[in-house]
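The next part holds the structures, each set out as structure tokens.
The following pair of complexes shares a single chain, chain A, combined with chain B in the former and chain C in the latter.
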Partner chain A sequence: MDGAVDTPPRVTPDPARQRAAHQPGAGRSWLRTTWSDLRRQAWAFWFLAPAAIAYTVFLVWPLAQTVQYSFYDWNGITPATPVGLENYVAAVTEPEIRSALFRSLVFVGFYAVLPTALGLLIAGVFARIKVRGMTLFRAMIFVPQILSTVVVAVAWRWIYAEDGPLNALLELVGLGSLTRAWLGDFTTALPAVGLIGTWIMFGLCMVMFVAGVQKIPTDLFEAARLDGAGAVREFFAVTLPALRGEILIAMIFTTTVALRNFDIVWNTTAGGPGDSTKVPSVFIYQAAFQSREVGSAAAIGVLLTLLILVVVGIIGLLLRDRGDS
Partner chain B sequence: MRAGRFVPASLVAAGALLVAGCSAPGSDDGSAGDSSDAAAEEITAPVTPEEVAELGDVTMRIWAEAGEEATLNHLVPIFEKKYPNVTVDVTIKSFDDLTKTVVNAMNSDSAPDLAQGNQGYQVDGALVQAGLVRPLDDVAEAYGWEDDYSEYSLNQFRWNEDGSRWGEGTLYANSPVTQYIGVYYNKDLLAEAGVEPPESWADFEASLPEIKSAGITPIEFGNSDKQAAMHLFGAVSGRCQTADEVNDWVAGVEGADFRSECNNQTAATLVDWVNQGYISSGYDGVTMDDAALRFGDGSAAYYIGGDWLAQQISPRGGNIGFTELTGEHGKLVATGASSMGWHVSSKTEVLPAAVAFLGELHSPDYAQALADQKRVPITGGDDVTSDDPLLNDDLIAARRLLDDNGQTAYLDWSTDTMYDEFGSRLQELLAGRIGPEDFTEAVQANWAAFQEDR
Partner chain C sequence: MRTRRSERIGAYAILITCSVIALYPFVSILGLALSPPGERPSGFSFPTELYFGNFAKAWSGGGFDTALISSLVVATAVVVGTIVLALPAGYALGNTRGPVFALIGGILVVGLVLPYESMIVALYTMFRDWGLLNTWWALILPQIGLSLSFATLWLRTAFRQTPESIAEAAAIDGASRLRTLRSVLVPIMMPTVLTLATLLFLFTWNEFLLALVLVPDEQSAQTAPLALSFFAGNRRTNDPAVTAAAAVLVALPILITYIFLQRRFITGMLAGAMKE
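Here is the complex of A and B:
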């Protein structure tokens, strides 16, 4: 067999044409889709059914139930009493929950902004320098993502302990005056927990960005260099714009995790010392499992979901691809 | 294409909302409070093996906390031998798992026949309120529990009719095991500092500066889970108030007030201990269990904590003793309570077997076996002993505390949010962010709000 004949011509696919080719109804607005169109395409629903059923049972249904519960005063067992918007009013007017929301925003800094920045920095460096053993390095940095958060929390509790390695290191370099029980100190507990989040998240961001850099055509870098761009200029002119999609996904994912952050906080400080690391999800847990106020837990949960949607929406708007649509 | 994606998703969402919106939660499942006829039968005398045999071959299902595992491994084979027609099926869960799932499990159609709850509103209160557990007054009468068990140990399982108030009323559970807060001391370190093991809180306080000046940390403490400080407070405040004062406040008796001189003073004393360096530093970054292990390794002269931690401290090999300290009133008063209570499901079909099991477990004849499992029985008196010196100290201290009627309820049983409130405010107090009066004021405010809600 002659291999040369079977080899398809190497043509760089045009993304725009590809998209058009895959959309039979392209060009026609979905609003104008008629019932006869739907009936003709009804068989398509059968392919959607498995996913739709799983999605409904595990996501839509519990979400709908949560919304319903939020309008009741319910202990989870005995018949519930409808209370209208009372749970929402209580949640919004509770000063403790408001300060917990503020702490959530601090966590966005540690869980989303910092890891994205670090990931970009590393991706930018790797765009210029080829490193041996890159795969191993990437795998190592990615490990925190796949570890159970309880394991992570226990490990960091040890690192941050008064007689733990972090303080030992500080003593070693002559900063003994800074040592403290990092998670037990009112001023350092919040950033200490936040940095655990940075550690978990930045590997994911880095892997996404490094992968993103690899799909940037090398001639763009070459062109930039020929035009005399330095490392910084090259990063802002070539790497950063090309990674917009990856940044968007990384930011949405990490911000969501930051806002619903619970396991790390609960397993390191239980919201303490005092209330200094209490986040909204701690209130949800306490209301649902400790004081059995399912309604108010559900209301805080719905509010938190809405907040996440709004924040993610804002991020999407800020980073949207202006060249498209 | 987008229509194809949009239409089913929205139809599904709307449908789910519609179905979910049909009825109020908790009203239509039909299982809550559906007592079985078998469970309603009255017990007038201890159940005999013949009565149990009438059930035919049955399986009895038990849900228990991990601390019960050794006891059940011992008792179940004995029970199955005495009642050969009963097969016992045991499910063991961690404390957290059990307290978070037992109410729903008891509410389900396949509820266990016997299950452990937890005193206070969150678990026992919910079980009683929903009618999921059977009243046990007749069982207590038939088995003479009121003779073998102190009033306080039974009162923690008594609830009023609608499950909104505990401390008196109908009995819903019992436990043969007690747990309480006491003082561990390292005999070698005390000797090194030239201090005799303390017998009273006055001795204890006087020894702190001496131990400190000998270069030894006086008190090991770990409070990152916010629980240990509450235990510390419950033990130390026992020196200046009676058990009744504490128990009335926890049970929500009208007019009870946390802002007593004794509580203010205790709060100030704890702050002083921190400032004087009597308490190990960095405590809010150490868990209660880790602190107990450190103490077992000889980190400090004293550790104030639950008697159950002896099982972790003892194997570390230190020369450790355990005791209760006499207060200003000449009595022993400290936080303590029965272990998680045993409930009978109101849906059980095997009532005689379940009652027979509770009878065996709570019998004074079984007390020594409990001590052999390293647990502290409420019944059995001075005859119950242990070869393990620390556990033997534990048994003696428990007997003295029970004889003084000195056990006080866990302070967080007072309201459904007190656990976190008390723990958080106490952390702020010890860090010097709020004063002793601010602390007692905040705790009382939480209590008052809860009483008003009920």
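Here is the complex of A and C:
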């Protein structure tokens, strides 16, 4: 799913609460407690059933099918031949696909790291200052998140175009020698597409972090100031730790979007020039619908899914443990 | 907390810069779209007179009338379908405890980050076998499945935050769980549900890859972003001003909705944050 989540009521699970709610009772076995809990709450399964069916048919089943396809050589029409792990071996050994994965990591820098850093920096400023008209600014800064990715791509294609605003600006400030077709140039296409991601995400991060900062009790800042902390120390001692939850959600969301990224790449460069902006999801689309190598598309898909789960897991662990210990 | 004047001015400078950066790309294509032929704004100048011919050309050339209707139908169906399924599920998860329900919640969390980009072949094959390719169903059904984890987890939190006394009072009055949910809890939770609906509508309206894969050949089923992508990629209509006009047409419904719902959006957001 695209698009932003402002601060929804927490979507992350709350393991502490769930564990606390379910300490095995003294003298009763854990299994029996669970079983009696289930019987008492049997009604809940009726309430869950319709959603569970839809979830299974349209998400779990296609995922299972993808895993199955990944072990076959199949053009999508004629009968498939099982090939074992061949598609996976090809995926990890082909330099083309490896560089696509590397480009994904570059996009993580542009989509996740840069916007988070910018958002934190700005949130640090607003920890010390309350301004009027925040609602209006927030609404404007959030706009990149609500525009369709295709609209965003069209707009940035114009900005990066040879006769577009960016080159005009460079001419104006006397840097005319730098002008070029930014999306058509082998060296600039990848960062140019990446910066679109930064633009999409910075407002989201900023709005989330500023909202988080303004929930921090004022006396924490006052205490820090009484202790003689300057703006920088205050940021690291008070603001940053208090924003851990927001950073976690923002990093997971932006990283996932960066690794999945298809829409922006497809509608700006379609992977070009050459292969210079080709990412895994573009590979998947092309293998599936253009070169008709369904097995290989599925194998890259499975690898991409695993990569995302691992990266999200690592972010979750890193940001969770530090504050709880 | 006292703040110095210089700090305050600095803060406004940051906010204004960020707002300009956030709005500029859309404003720039709006300027391009409004420019008369032969008088293309070079770089970042804006047209001196407004010309609407590009919009007419985009409208007639790109099939955006049917595309906007498709987007509206698909997004509405996905929002309604998702919420109807997620309300009982969120209620169940919000009012139960135990490892089994925690596990179900965990499965939904995984669903939040699963890239459907990986599964497009499987979705394509499935809908081809069902004979539903190039129909609205091919867009509505998978997107309900994809939105469910987000919606259910959102509602689970909302139900956990609702005071138990309300549901207990209804139970004492003899209402069944389903009836309590429908007649007592849902009305109370309307603001949360509407915020959720707004977000789901937005996600669905802007969806691109599923449309590209599942309704590629039938123009009447294509959504606005897909129509725009085809229109912008079509070499014969390659006048940047007309493409810009098409992009503005596709963005406008969402932007207008955003302007009106922004207040609800933000108050809902703050209410959710405060309850936490």
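The definition used in the following text is that the second predicted complex is superposed on the first by the 281 of 325 C-alpha atoms of A that agree within 3 Å, B and C clash if a C-alpha of one lies under 4 Å from a C-alpha of the other, contacts with A are read in each partner's own complex, and residues count from 1 in each chain.
We adopt the following convention: contacts are C-beta pairs under 8 Å (C-beta built on N, C-alpha and C of every residue); 3 or more make two chains touch, one makes a residue touch a chain.
Please read these numbers as outputs of a predicted model, since none were measured by experiment.
Visitor: Which of the two partners, first being chain B and second being chain C, lies in contact with A:L304: first, second, both, or neither?
Guide: second
Visitor: With both complexes superposed on chain A, which partner does A:L120 reach: first (chain B), second (chain C), both or neither?
Guide: Touch partners of A:L120: none, neither chain B nor chain C.
Visitor: Of the two partner chains, chain B (first) and chain C (second), which one does A:D37 touch, if any: first, second, both, or neither?
Guide: After superposition on chain A, A:D37 lies in contact with both partners, chain B and chain C.
Visitor: Where does A:Q65 make contact in the superposed view: on chain B (first), on chain C (second), on both, or on neither?
Guide: Both partners, chain B and chain C.
Visitor: What is the contact status of A:C205 with respect to chain B (first) and chain C (second): first, second, both, or neither?
Guide: Once the two structures are laid over each other on A, A:C205 reaches no partner at all.
Visitor: For A:L190, using the defined touch cut-off, is the partner it touches chain B, chain C, both, or neither? Pick first, second, both or neither.
Guide: neither
Visitor: First (chain B), second (chain C), both or neither: which does A:L48 touch?
Guide: A:L48 sits against chain B and chain C alike.
Visitor: Classify the contacts of A:G76 with the two partner chains as first (chain B alone), second (chain C alone), both, or neither.
Guide: The answer is both, since A:G76 touches chain B and chain C.
Visitor: Does chain C touch more residues of chain A than chain B does, or is it the other way round?
Guide: Greater contact footprint in residues on chain A: C.
Visitor: Considering only touches as defined above, state whether A:R180 meets chain B (first), chain C (second), both or neither.
Guide: first
Visitor: Which positions of chain A sit in both the chain B and the chain C interface?
Guide: Common to the two interfaces on chain A: residues 37-38, 41, 44-45, 48, 52, 55, 61, 63, 65, 69, 76, 157, 161, 163, 289, 294.
Visitor: Taking the touch rule as given, give the residues of chain B at its contact with chain A in the complex, in rising order.
Guide: So the residues of chain B touching chain A come out as 1-9, 12-13, 16-17, 19-21, 24-27, 32, 100, 103-104, 107, 121-122, 126, 129-130, 132, 223-226, 281-287, 416-417, 419-420, 423-425, 427-428, 431, 433.
Visitor: Mind listing the chain C positions that touch chain A in their complex?
Guide: 1, 3, 7-8, 10-12, 14-16, 18-19, 21-23, 25-26, 28-29, 32, 40, 42-45, 85-86, 88-89, 91-93, 95-102, 104-106, 108-126, 141-142, 144-150, 152-154, 157-158, 161, 177-178, 192, 199, 202-203, 205-209, 212-213, 224-226, 228-229, 232-233, 240, 243-244, 246-247, 250-251, 254-255, 258, 262, 265-266, 269-270, 272-273, 275-276
Visitor: Flag every residue of chain A that touches chain B in the complex, lowest number first.
Guide: Residues 23-25, 30, 33, 37-38, 41, 44-45, 48, 52, 55-56, 60-61, 63-65, 67-69, 72, 74-82, 157, 160-163, 180-186, 268-275, 278, 286, 289-294 of chain A touch chain B in their complex.
Visitor: Using the touch rule from the top, collect the residues of chain A that touch chain C in their complex.
Guide: 1-3, 5-13, 15, 18, 21-22, 34, 37-38, 41, 43-45, 47-48, 50-52, 54-55, 57-59, 61-63, 65-66, 69, 76, 122, 125-126, 128-131, 134-135, 137-144, 146-159, 161, 163-165, 167-169, 171-172, 199, 202-203, 206, 211, 215, 218, 221-222, 252, 256, 259-260, 262-263, 266-267, 280-281, 284-285, 288-289, 294, 297-298, 300-302, 304-305, 308-309, 312
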